[in-house]
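One structure, as structure tokens, below. Some questions next.
Chain nomenclature is as follows: A, B, C and D, assigned in order of appearance, with residue numbering initiated at 1 for each chain independently.
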Amino acid sequence: MSLKGYTVPRTSTGKASLVPPPPWHYVGDFLVVDYWAEPEAVRAVLPEGLEPHPDPGRCAAVFADWQSCSEGGEELLDPIRSHYREFFIVVNALFEGEEVTTCPFIWVDQDFALARGWIQGFPKKLGSIWMTRTFGLDVPADPGLRPGGRHGATCSARGRAIAETTLTIEGEAAEGPRHNAPPIVNVRHFPRLAAGRHDDPQVHELVRAVSRDRAISKVYAGPATLTLHPAPGEEHDSLAPVKIDRGYRFTFGYTVDDLETVKELA
Amino acid sequence: MSLKGYTVPRTSTGKASLVPPPPWHYVGDFLVVDYWAEPEAVRAVLPEGLEPHPDPGRCAAVFADWQSCSEGGEELLDPIRSHYREFFIVVNALFEGEEVTTCPFIWVDQDFALARGWIQGFPKKLGSIWMTRTFGLDVPADPGLRPGGRHGATCSARGRAIAETTLTIEGEAAEGPRHNAPPIVNVRHFPRLAAGRHDDPQVHELVRAVSRDRAISKVYAGPATLTLHPAPGEEHDSLAPVKIDRGYRFTFGYTVDDLETVKELA
Amino acid sequence: MSLKGYTVPRTSTGKASLVPPPPWHYVGDFLVVDYWAEPEAVRAVLPEGLEPHPDPGRCAAVFADWQSCSEGGEELLDPIRSHYREFFIVVNALFEGEEVTTCPFIWVDQDFALARGWIQGFPKKLGSIWMTRTFGLDVPADPGLRPGGRHGATCSARGRAIAETTLTIEGEAAEGPRHNAPPIVNVRHFPRLAAGRHDDPQVHELVRAVSRDRAISKVYAGPATLTLHPAPGEEHDSLAPVKIDRGYRFTFGYTVDDLETVKELA
Amino acid sequence: MSLKGYTVPRTSTGKASLVPPPPWHYVGDFLVVDYWAEPEAVRAVLPEGLEPHPDPGRCAAVFADWQSCSEGGEELLDPIRSHYREFFIVVNALFEGEEVTTCPFIWVDQDFALARGWIQGFPKKLGSIWMTRTFGLDVPADPGLRPGGRHGATCSARGRAIAETTLTIEGEAAEGPRHNAPPIVNVRHFPRLAAGRHDDPQVHELVRAVSRDRAISKVYAGPATLTLHPAPGEEHDSLAPVKIDRGYRFTFGYTVDDLETVKELA
């Protein structure tokens, strides 16, 4: 009898798999800040195969409060298996002359999302992420999406502050954030443990994200703040903002069941 | 110099207080199931001063996904200080002939909410509570509030399942749940540790909740399920459902800055 | 039928009580740093009834990795109900001319310990506390209790760093830390929520801890570091060290089932 | 400039890597129960390449309370980066005629340990694991390692009970558990996301664990209990005990920096 399961643990039925098989359906609230870091710091996190963007230093900081499920939506009825929050940074770059983004740092608060990230080339660690919510009632505890509404988000990991942002909504925006708009190209990586091969990963390839059935709400925007904190065993603060454009609040959904390998790395 | 602070820890400024001073503003999503437990089990959790309700066994199970803040709303920008989720059961009773509810069991996932509960007479323990969300996008990961939309919620504590519920929305309801509609009367209780007085609490009084500025969304309702699981050191499962009416999904907000003591207990 | 239980929630059996009735038996590993803060900062956290110590600024920072149980020890078989870790600061003071300590700030990682703390006058909040362990094997992952053995501990709360310490063991010490040796006097405090009485706590009294059946291991000591980090909604960093004596590592056990009220506060 | 790091996230320095490069040094307390499950259930979790053991159904349930570090031991001073607890089951099998074990199910409470597990072929998910401790003091809260000392351990995941065990120490044992003694052979597995290749993992190989510098304490043993609970999305309870031999308590340390691939799987 052979074992089944998209990921470990694998069994005769596949039901215990940490990550159910694709497609994966997502919907979530986003708080995004378009900003610039030191160009040299951005260059230093580009994987092999990517070249610096002509607007060097271009980054986005992204907080997302997600609900996701696999086909059939069984996880939606058991929300500890569908909710998660994450914080990540993307930097802008060129791949074969085309504008792309890539994600050097990301934290997420659930194991299934961590594993799904590794499979897609997102370098996920566990963290604790929080983001202001809206509820559609005009009461003091609901900042709403109206002009003047103030929103915040934080990320910590291992009990240390990682990032925090605030956004004050000015109004609806004609379009969403620009710094995380290009297609994302990440590195899928899985190391070896065999003696002598610790520097020779078994999986090491540049991959381009593929998604479908994208949906987006109205977008709200306004002035934003962003702080990246140093922490032991972390390096994201090298991408601290030197200039901030603005922040965006919106809701977004899509489906993922494909990934394109664009280059094998050494 | 005297110390300030609505709760401990108290300092010269009061800023470190676990709970900021009232008023406390709340808004949150609710999933409520009207049901009946064994009449004898309900009677067994009534505090001194309350009499059984003429419809014996009447209960509600309530999941709430809250955002709250104190005056000025500072916590809204730092959502780890404003978000929390809770699960509780209310049973119906009479107080001096008037219909009331009382809360025998409740779990919450943040310390400030636990302390605020003790102050109001809610017998809070820590737990982990999860509840399906909606995002307003028509995508597979969003069950929405439309007929057929399926929602779930769970509560666990100390790594053991406490409760789970599901609701399938049929449509809008003219009114909300009836079993948790009456005013709530709880017991404020703070024990002594002095030798010989462990059974002689320093605070022991029946209190009636007072709130203002209530706001509510449209209410959606439909058939529901509810399971209460036994767990070590827990007794809420004595209130397991023998009959379920239906479930409700809505958003609710209010403000609390008062509490009425209605009876000193022995 | 009347309800039983040392704390809420109270039932006909008392089994669901968050905190079982005393006695409470404790054993745990300790990492303690004797140090001095700014004298004025220490004075600012003294509750009514305590006077400054003649050696102003005298403090201790205490990390403890506890296992506790009530009579019969049932919780020891279900360790999620017996383990907890905490970090606290004590400052030195005089009460009616006698040397005492008092605890202005403390974090703990379990609800039952938080509630037990409030009952004893410890102003507990939830936090995440970590402390290096020893295992008695001579392997690289075990720093041991030998000269040169390095130990660390951290505390965070709400995703922000609160405190960290390190100790390098020099050898056995003839005695333990001196700055937390005097008896501890804390404030039991339970506020009112009735309108107009938010500044008039229902319980507000100075209490002296009482314990029995104390046991202690050998004590190891050496040079130590201590950092107290600022964090939103926290004020413990006002007690940051201006001078550090040394650190101590030992194991300690005792039993608590009494508390002495020494003064009613206004 | 090329990126460094044993795992993601990879940077110019490698310092942000979730898992530092091998060697990895470990020390921890163990609670192990030798037992038998239904032979058919054991057969059903054997990966390709392993054959049933002649004593069919032979399993061990293992709780471990670990401290680990990489070369130099930096993590020992920051214990949130060195402590973790895990629960796993091993089943006995034959590989090319030799007695081996393999691990079908395992839960761990830290991200670095989850990733390190995947790299070694352990099918880790996140869970919450608790285990009775000893402190070397003769006090009621310390069960000690003496005859009659009672120890317990639990594992939960996603708020549901997974496993619990108890051990009553009878005395020292001449040797440790037998059911997890054979070398362990696991499956390293890393799936593809490219459309059409979801069933064609990129890494899929049978690996044999390699370790060195093993150290062990005295071993204590006695009668044990073990319960495996069903939970949504889990299948470990298929290996529930039909017969229990006994339980063991000991401390163990070793170093890992190698892994042997013994067979490529289809």
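Following the convention adopted for this analysis, contacts are C-beta pairs under 8 Å (C-beta built on N, C-alpha and C of every residue); 3 or more make two chains touch, one makes a residue touch a chain.
Small disclaimer: the values here were computed from a predicted structure and weren't measured.
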Chain centres computed over CA atoms; the one at greatest distance from chain D is chain B
Check: chain pair from B-C, A-D or B-D whose contacts match over half of those in A-C is B-D
The assertion on chain B/chain C checks that the Cα superposition rotation, as a multiple of 5 degrees, is 180
Rounded to the nearest Å, the gap between Cα centres of chain A and chain B is 34
Between chain B and chain D, the Cα-mean centres are separated in Å by 39
Chain D touches at least 2 other chains through residues 78, 80, 128, 130, 154, 159
As the complex stands, chain D meets chain A at residues 1-3, 6-13, 15-16, 18, 21-22, 43-45, 47-48, 78, 80-81, 104-106, 110-111, 114, 118-120, 123-126, 158-159, 187, 189-195, 198, 202-203, 210, 232-236, 238, 256-261
So, in the complex, the side of chain D touching chain B is made of residues 128, 130, 154-156, 159-161
Interface with chain C, chain D side, in the complex: residues 25-29, 67-69, 73, 76-80, 82-83, 128, 130-133, 135-143, 150-154, 164, 166, 213, 215-217, 251-255
